[in-house]
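The data blocks that follow each hold one structure.
What follows is a pair of complexes built around subunit A, which joins subunit B in one and subunit C in the other.
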Partner chain A sequence: MRDWTRRHVLSAGAAMGAGLALGIRPLAAQGADEIVLGGSIPLTGVFAFAGIGIHAGIQDYLKIVNDAGGVEGRKVKYVAEDTGYKVDASVAAFNKITSQEKVSLYYGDSTGFSKTINPELERRGSILMAGASFASELNDPKKYPLQFMAGPDYSEMFGILLRYIANEKAGAKLAFVYSDTEFGRDPIGPSEALAKTLGLEVVEKIVTPPGSVDVSTEVLKLRRARPDFTIFHGYVLAPIPEFITQAKQMGLASRFMGTFWSMDNSTVERMGEAADGFMGVMPYRYYYDTEGESPMLEKIRQMRPEYQSTAYLQGFVTALLMCEAAKRTLAAGKELTGANLKAGLNSIKDFDTGGLFGVPISIPGNSVPVGRIYAFDGKAKQMKPASDWIRLEA
Partner chain B sequence: MTDWLFLTEVFLAGLGSGALYAVTGVAFVLIYKATRVVNLAIGEILMLGGYAFFGAAAGWHLPAWVALPVAILAGALVGAVVERGLIRPMLGESPISVFMVTIGLGSILAGFVQIVWGADPLRLPEFLPSAPIFIGEAYVAPKVAYGFLAAMVVVTAFVLGLRFSRGGVALKATAADQAAAYSVGIDVPRVFSLSWIVACGVAAGAGVLVGAIGGISPTMGVFGLSVLVVVIVGGLDSMAGALVGGLFIGVVEAFAGTFLGGEYRFLVTFSILILILMVRPYGLFGTHEIERL
Partner chain C sequence: MRIGTLKTDYAADEALFDTRLQKLLILLACAAAVLFPFVASPYWLFLACLCAINVASATGLNILTGYTGLVSLGQAAFMSVGAYTVAVLEIHAGTPFLLNLLVGGLLTALVGIGVGIPSLRVKGLYLAIATIAASVVLHFVFAHWPLTGGMQGLSMPPARLFGLALDQPFQLYWLILPVTALMVLGAANLFRTRVGRAFIAIRDRDISAEVLGIPLLRYKLMSFAVSSFYAGLAGGLWAYFFRVVTPESFPLVNSIFYLAAIIVGGMGTILGGILGAVFMTMVPELLKFVAGLVTPFYPDALALLAPVRTIVFGALIVGFLIFEPHGLAEIWRRIRRFFHLWPFRT
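After this line comes the complex of A and B, so read on.
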């Protein structure tokens, strides 16, 4: 037992008072009409390269919106926490932010988080969420009614690649190389089935353990299969360059492709010699793209004169679609609830994103099934369009 | 379906990745042998070596043969500072405390690298010859082959050095009995320091090899964890154990990856770990008194 002196009581009282004040202040200080966009953002950890870009993209778009007077006259406030790309930290960030702010929009950092938080989203019913995950599983409006993704899901990305391949070479032989993660495995099953219906043959599926350094044995398997096209999924950079280099040395004539998160121009450039001819699917125009009308890209280039990554564009586009959903909800005189926001989002039809997507988009469900094939031009050191925009029918 | 040429190629590729395990394993063993500390930050020091090489070769445009020693020296310097600043004051504390310090050190190094070089995965400038190598008709990826050669030279040098050099004998004496080593005039604190300096230098050098093959990123330190398995299998205080354990795990993983699929690689590795821990808790070549945490 300790003796309670006056000093103890006073200091305890002061501490309690300070705690209360700190706890209460954010809610009290919050402007009554502000719309809050919360975010579990991976600024450190394995996904930090993307998280940093996403963070900047969201901030830049909100700056544009707020400078122009906000969404229906209401400013949008961005509150983010670093998660280290760990689900438990993401959930903690969500709880912290939602307890301090009246959050209407939320950016989540991973498939794991999106799945974990879904029951809580539905219980609250006040938030529309999107994020860094393009998991096929999340593209189900019945199971995930308050979520969406700002592009095609991973299976749809494969769908776009496979349609392109079927056009280029009927009956082509394919190999899928993917990481043994939720991210990596996501599109493999459905894409195998789709390949069959398109008359393509999947001759090899190679799984690599996450974080594996040396892929020589996997390349040996690839050589035996002799595919015409090899699609990588579930990676950012490593081990793609080493795979391609070794495969080329063995005289393999395959073409190599990737999906969104391995399509950043500066990342592909880092592949060195292996980069030449590397292809993949991208839902957005690249930062430097000057073809056609893209006033939004112009604005980005004015705000940031140096190259911005695809992750930046992803954050930017996600914030744009969220704000558009909020705008439509408020314009219809409805309250900002999760369901109303989602209905607002789903009312987006043939919508021009300022040229960020190359074609007008519609969001009938949880994804935006649009993309284009780009290929790396070694001379220009840039990803260049290799196909028209491909729209998958829902 | 399965032909001998293919099996040989898989075997050689396995030896290649095993050699990377072995050379990193040497760093674990050196520190453990001298100081009885399991240094979990070895993976991050390896990463730091990769980045130091990158900084010297791509940032300062030094040729590879200068950048490599720079990376090794950077690792050695970190080893010296860490030993004097963090580990020596912990002398006499429980092994768990020291273990935790090395875990913390790992996060600090990963954070430092991210602040200096950013979070993007990077590629090291090409410095190994890129002409494909054929042993008979079997193809070996050039980087893997040169990595293997370099790793073998280093590991062999350490196995011989420990046996025949004065420093090696001093280290073995310290490992066997610190008090007795003191009494015959061996400067035990200096042995501690040197073991950290040399081990961290080796880890940094290994980081350059690993980075040349798989690229560098602030998270490449996880490679250290795979190597921890190797040294536990081989015996935490045995150089030969690191060599044999590394090559063995490398080859087993290669065959598991080829015939069972990549998702079974780690399953097989960790099954071997459990088996070894049950049958020989001190590893294949370790001495019996290794402390279990």
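After this line comes the complex of A and C, so read on.
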């Protein structure tokens, strides 16, 4: 037998260390039949408020699935990396996870990442991806055949809001207030056209830097335009409260509305007095919603007795739809490839999500064009339903 | 141990690498760089390419800020000019990628000269603000010009070489690393010429430099041009690497990243730009590894340690600035000096 000197041990150790560091190793300990859900999750950075919820939501749903025996008997393993909401870090995380695991499902954190990784997704052809972005651009099955979003895209969110407004007040005057970002500008063009066809008039469009604080001149513009409804998009919180407070002080009678990422109950609550009456579009039921039957919400409430954000629900629903796609693919006796998974997802028709969406859903393309208008009730300190579920025709 | 500086001609005295050991180390590094793609996973190749792009851009900024003393917060905006130029050329003209990169660099150099004009009148923080203003203008142009695809930006096809698409980190490595190496070598050589020394003279005392016969405007603009050329090339490489360029791809915070990289690495040294860029790119990733090691013992360490990691990264930067204001390059130099006299003096 070879005598092991200290030098031998050190060099073997160094070689092993280098090997591990460089990733020269077989695919990490992965059960042969495990399905891997990878994730570029923004646990730090500007989107961390949502990323932490998304992370927990995905984990909780997978726990429910795995405790119940997995997807068609196969456990689902979740492997995530923090990205700080930066595209380069997200791509690095994707490369890291996919070189260590055989990934079939992936959660991406931003529109930029979804666009950047798309050619690679198509090249690999083995992954179905969804994420935090509801960008209208991604809702194109031809350009993004292996991606989807667990809700309506931003234009569809506006579509739901505009249909509600057209029902409430024919010929209403609208103002769009949006941030000067890709996120902010996303639905504005198509929504203007839609407003026209619904007989609504867009009287003002205000674009602000994201997170701007001093909005007094913009509020003056809004006052001059005297809209019946003001829709904010491309913000999470600031400057929505400033806008509403100043506009109310000036006696503006407009109703104020938002889209998904500004609709979390705790976020709206933080608007203080400005929150009362704030409305917006939500594709999912809120954590505390007890109306109707929602066994999934019951389960969530059992697992986590304290309030869970809309971001949590988004992560949860995304994982649910991914697993459903995998289940349908495996049940049809097909391999878990990107195209098969997407076909499995698109076969979802009038599907009950355990009450997370208020109505049965279908996913004919890349989005789930369903939503409902909620309005903040200042007394109950909760977003309460203000309309029925609105389903856009595909 | 080195016992003396025994040089018999000026060429030896001016040599970029002056000891045999140094040459050997460079050769070893080159060999390692050639072997690396064959043993590393795509993740490490991705990081290597990202480091190389950041090194190229940081070296450019080092020429302007570290060597010429002109503070710029426009490096990311300059990169965006290069990236957009390459993307537009690749999409609309379909010209060879090396030509696209070169055109991207040259166009950025022109833009850099334009932005650098105020540098004759303003210095220090004032110049930094002027470069921020230029970044805002460039961002506005890219976000509103139909040619650059507005807010959605441009998605471009991969670079092609003899029909082979360079769309994987493995293939791009062979483009990005050599280009970066050439750029770094060029920068190192620049400071052995009259132009480079003029830059240093301007940094040390611009009035004295003018008295010595250095036309300030010409040399300051030249520094802006060279630095922007580097940024443009780095931006072009970035575009080929990610293949999606949007107005949000190069935010102001990236300019701060490059400035931080050369400060942490050591301003006014070529090695500083390299070490700083690698440090700033790799440390957050390595910290993730440390967090990953804890995961088996502590469930969901990823989420719990995420904020800690950010704080540690910040603390490391502050620590370096306090304990070694001359940057990582100075630490490296100290290590070298130690071995010069080892084992006689430790």
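Some observations on this one:
Assume the second predicted complex is superposed on the first by the 370 of 394 C-alpha atoms of A that agree within 3 Å, B and C clash if a C-alpha of one lies under 4 Å from a C-alpha of the other, contacts with A are read in each partner's own complex, and residues count from 1 in each chain.
By our rule, contacts are C-beta pairs under 8 Å (C-beta built on N, C-alpha and C of every residue); 3 or more make two chains touch, one makes a residue touch a chain.
The model shown is predicted, which means the values in this text are computed figures rather than measured ones.
When the shared chain is aligned, subunit B comes close enough to touch A:Pro209, but subunit C does not.
Of the two partner chains placed around the shared chain by superposition, neither subunit B nor subunit C is touched by A:Gly277.
Of the two partner chains, subunit B is the only one that A:Glu218 touches; subunit C does not reach it.
Of the two partner chains, both subunit B and subunit C are touched by A:Ile52. In the superposition on chain A, A:Pro190 contacts neither subunit B nor subunit C. Applying the stated contact rule after C-alpha superposition, one finds that A:Ala238 touches subunit B and leaves subunit C untouched.
When both complexes are overlaid on chain A, the residue A:Gln246 reaches subunit B alone and has no touch with subunit C. In the superposed model, A:Thr44 lies in contact with both subunit B and subunit C.
Contacts of A:Thr181 after superposition: subunit C is touched, whereas subunit B is not reached. 44, 48, 52, 180 are the residues of subunit A that lie in the contact sets of both subunit B and subunit C, per the superposition on chain A. Those residues of subunit C lying in contact with subunit A across their complex are 39-47, 50, 143, 150-153, 155, 158, 167, 169, 242-244, 246-249, 284-285, 288, 300, 302-303, 306-307, 309-310.
Listing the residues of subunit A that touch subunit C in their complex gives 21-24, 43-44, 48, 52, 55-56, 59, 80-82, 84, 87-89, 91-92, 95-96, 98-100, 112, 115-116, 118-120, 123, 137, 180-182, 185. Those residues of subunit A that touch subunit B in the shared complex are 44-46, 48-49, 51-52, 180, 206-209, 211-214, 216-221, 224, 236-239, 241-242, 245-246, 249-250, 266-267, 270-272. In the complex of the two chains, the subunit B residues touching subunit A come out as 6, 9-10, 13-14, 16-17, 20, 111, 114, 118-123, 126, 130, 132, 139-144, 210, 213-215, 217-220, 222-223, 254, 257-258, 261-263, 265-266.
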